[in-house]
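First subunit A sits with subunit B, and in the next complex the same chain sits with subunit C.
Here is the complex of A and B:
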């Protein structure tokens, strides 16, 4: 009885988190695609040096970050992966979304400030420790995108 | 250098596998591993129990269950213990000195604990309407001792937990899976053990009273009341499928020509 109740609750939570999680994920990917298309012409590049011929009038730090955490369903799948090994597929879309969202936020900020491009773009990840399990648990992951935003001298 | 804006390619960083397919594959794989583990643990325990003589078991676990008994039930405890020992007289060469512990719980339940201790709940004593009825429940637990089920259950529990935590202790999801599968496996092992213990309990009742009246009464009430459950839920969950077992008991008694009618001894209930 008890085992069945427990199983029932687990299955219910798995179903709900799966349905809600995938709906949110779908909407987020749609939003990412739209915003990426809008900003496509804005150069965000990883060059450390300015391309030849660029004349910089002003520069600044551009930065965008996201913090993501797992839903129960994804965590469950990843937990089973931890036993069998292999690609942790359930985390992949989550981290993909986090990277793209962080890059978009960085770009959107630079556009709003009137910059023309961002060079030397970098991505960094850090784990946010959870207070559970003496900080060994993971509360989430921060994805940080940053680079040098530049305003170019307009050619007359 | 030229810069030409392009759309990023999708599908490189994210696998195309559908999450539900992934879930199905993973659950199947992990279940297979645990099923194998449960089998190996079951076999090892079957093998190990044969090498542990009951005397060693009694010496090891001797008095450990005594503190579970509440002092205010001492009179009842002695009465049930006397009943258990009377029944055990019909089991020649019983290697245990049986002791009874009465626990305060209102649920109807009884349990065979390693070392020869029978735990009965206050709820069971309250529910019993005749001594015969109670004798069958106690006899059933004696049946567990004869088959060493208490030791098997303990051994399986320890070994399973140990192996599972040694193998998967680092994993946060594993306990959920191991716990559930472990309980299910116990159920599977239990079904046969319960049947064997039932038959032995019935034999003792027949030997003691010359008939088996009242023995099945307990189950009959269980079966008719499982829809209402209440306090009986505990007994049903650790002693599954009461209606099947009732039928099996009837057949068993009929085969041997045991009478199902007879004078019931009163059981003085206290509240």
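Here is the complex of A and C:
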């Protein structure tokens, strides 16, 4: 009987986290698409040299970061994947979301500070160890985007 | 005059006239229990853990500030080729590290 209750609770948690987690993910992707569309004209590039003919008036370091985690249901799925091996589909959208969010925050910050472009954009990923479970579980993944923001001299 | 920073090998639009060497700054932070419990709940449904995002970006700012302090003490006016590193050193604690090359630009 007790085992049955345990199973029931686990199934309930899985269902609830699946529903809430998917809703949060869907909303996040919608917001990402909207904000990316708005910033499409702003140049962010990964090369270090400035394109020919750009006259720089001012520059600074631009940064954006986010910490995200997977919902319980998808972590459970990923755990199963760990036994079977193969492509872990549940983690792919999570990392994609985090990376795009970090890039957007970097760009939005640069736009707010009046910069015209960002060059030498770099991305970094790091895993945060959880304080429970002897640091084995993960508390989330941090995504950092940074680059050199430049203000250009306006041609008269 | 604030110290200029970039993650390219020069400050765009300026020339480097003197090199002073590597400067760095670090900080090790742990999250406090209240935040950790909240983040634990958030961890069930997934999505952004805003408390951690804030904690890490504040810590990174601190590391950068220490790096700039060191650059200032060397009489540099810019730090180029800035890099970041994050490592989980212990349970629930992370080290944020920033480093770059202190230079004088004109």
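The rule is simple: the second predicted complex is superposed on the first by the 156 of 156 C-alpha atoms of A that agree within 3 Å, B and C clash if a C-alpha of one lies under 4 Å from a C-alpha of the other, contacts with A are read in each partner's own complex, and residues count from 1 in each chain.
Definition applied: a residue touches a chain if its C-beta (ideal position, glycine included) is under 8 Å from a C-beta of that chain, and two chains touch if they have at least 3 such contacts.
All of these numbers come straight from a predicted model, not from anything done at the bench.
Engineer: Mind checking the superposed model to see whether subunit B and subunit C fit together on subunit A or clash?
Structural biologist: Aligned on subunit A, subunit C fits beside subunit B.
Engineer: Using the superposition described at the top, determine whether subunit B or subunit C touches more residues of subunit A.
Structural biologist: C
Engineer: Once chain A of both complexes is superposed, is A:15 in touch with subunit B (first), subunit C (second), both, or neither?
Structural biologist: A:15 sits against neither subunit B nor subunit C.
Engineer: After the fit on chain A, how big is the angle at subunit A between subunit B and subunit C, using C-alpha centres and going to the nearest 10 degrees?
Structural biologist: 110
Engineer: For A:126, using the defined touch cut-off, is the partner it touches subunit B, subunit C, both, or neither? Pick first, second, both or neither.
Structural biologist: second
Engineer: Does subunit B (first) or subunit C (second) touch A:45, or do both, or does neither?
Structural biologist: first
Engineer: So in the superposed three-chain picture, is A:72 touching just subunit B, just subunit C, both, or none of them (first/second/both/neither)?
Structural biologist: The second partner, subunit C, only.
Engineer: What's the minimum Cα gap, in whole angstrom, linking subunit B and subunit C in the superposed view?
Structural biologist: 14 Å.
Engineer: Residue overlap on subunit A between the subunit B contact set and the subunit C contact set?
Structural biologist: No residue of subunit A touches both subunit B and subunit C.
Engineer: Which subunit C residues qualify as touching subunit A in the complex?
Structural biologist: That would be residues 4-9, 11-13, 30-31, 36, 39-40, 42-50, 52-53, 56-57, 60, 82, 84, 86-88, 90-92, 94 of subunit C.
Engineer: How about subunit B: which of its residues touch subunit A in the complex?
Structural biologist: 1, 3, 5-8, 13-15, 17, 19-20, 22-23, 26-27, 29-30, 33, 168, 170-174, 176-177, 179-180, 183-184, 187, 233, 236-237
Engineer: Can you list the residues on subunit A that touch subunit B in the complex?
Structural biologist: Listed in rising order, the residues of subunit A that touch subunit B are 1-3, 6-7, 10, 18, 22, 36-37, 40-43, 45, 51-52, 73, 75-84, 87, 89-90, 92-93, 95-96, 99-100.
Engineer: Which residues of subunit A touch subunit C in their complex?
Structural biologist: Within the complex, subunit A contacts subunit C at residues 13, 17, 20-21, 24-25, 28, 48, 50, 55-57, 59-61, 63, 65-72, 74, 94, 101, 119-120, 122, 124, 126-132, 134-135, 139-140, 142, 144, 146-148, 150.
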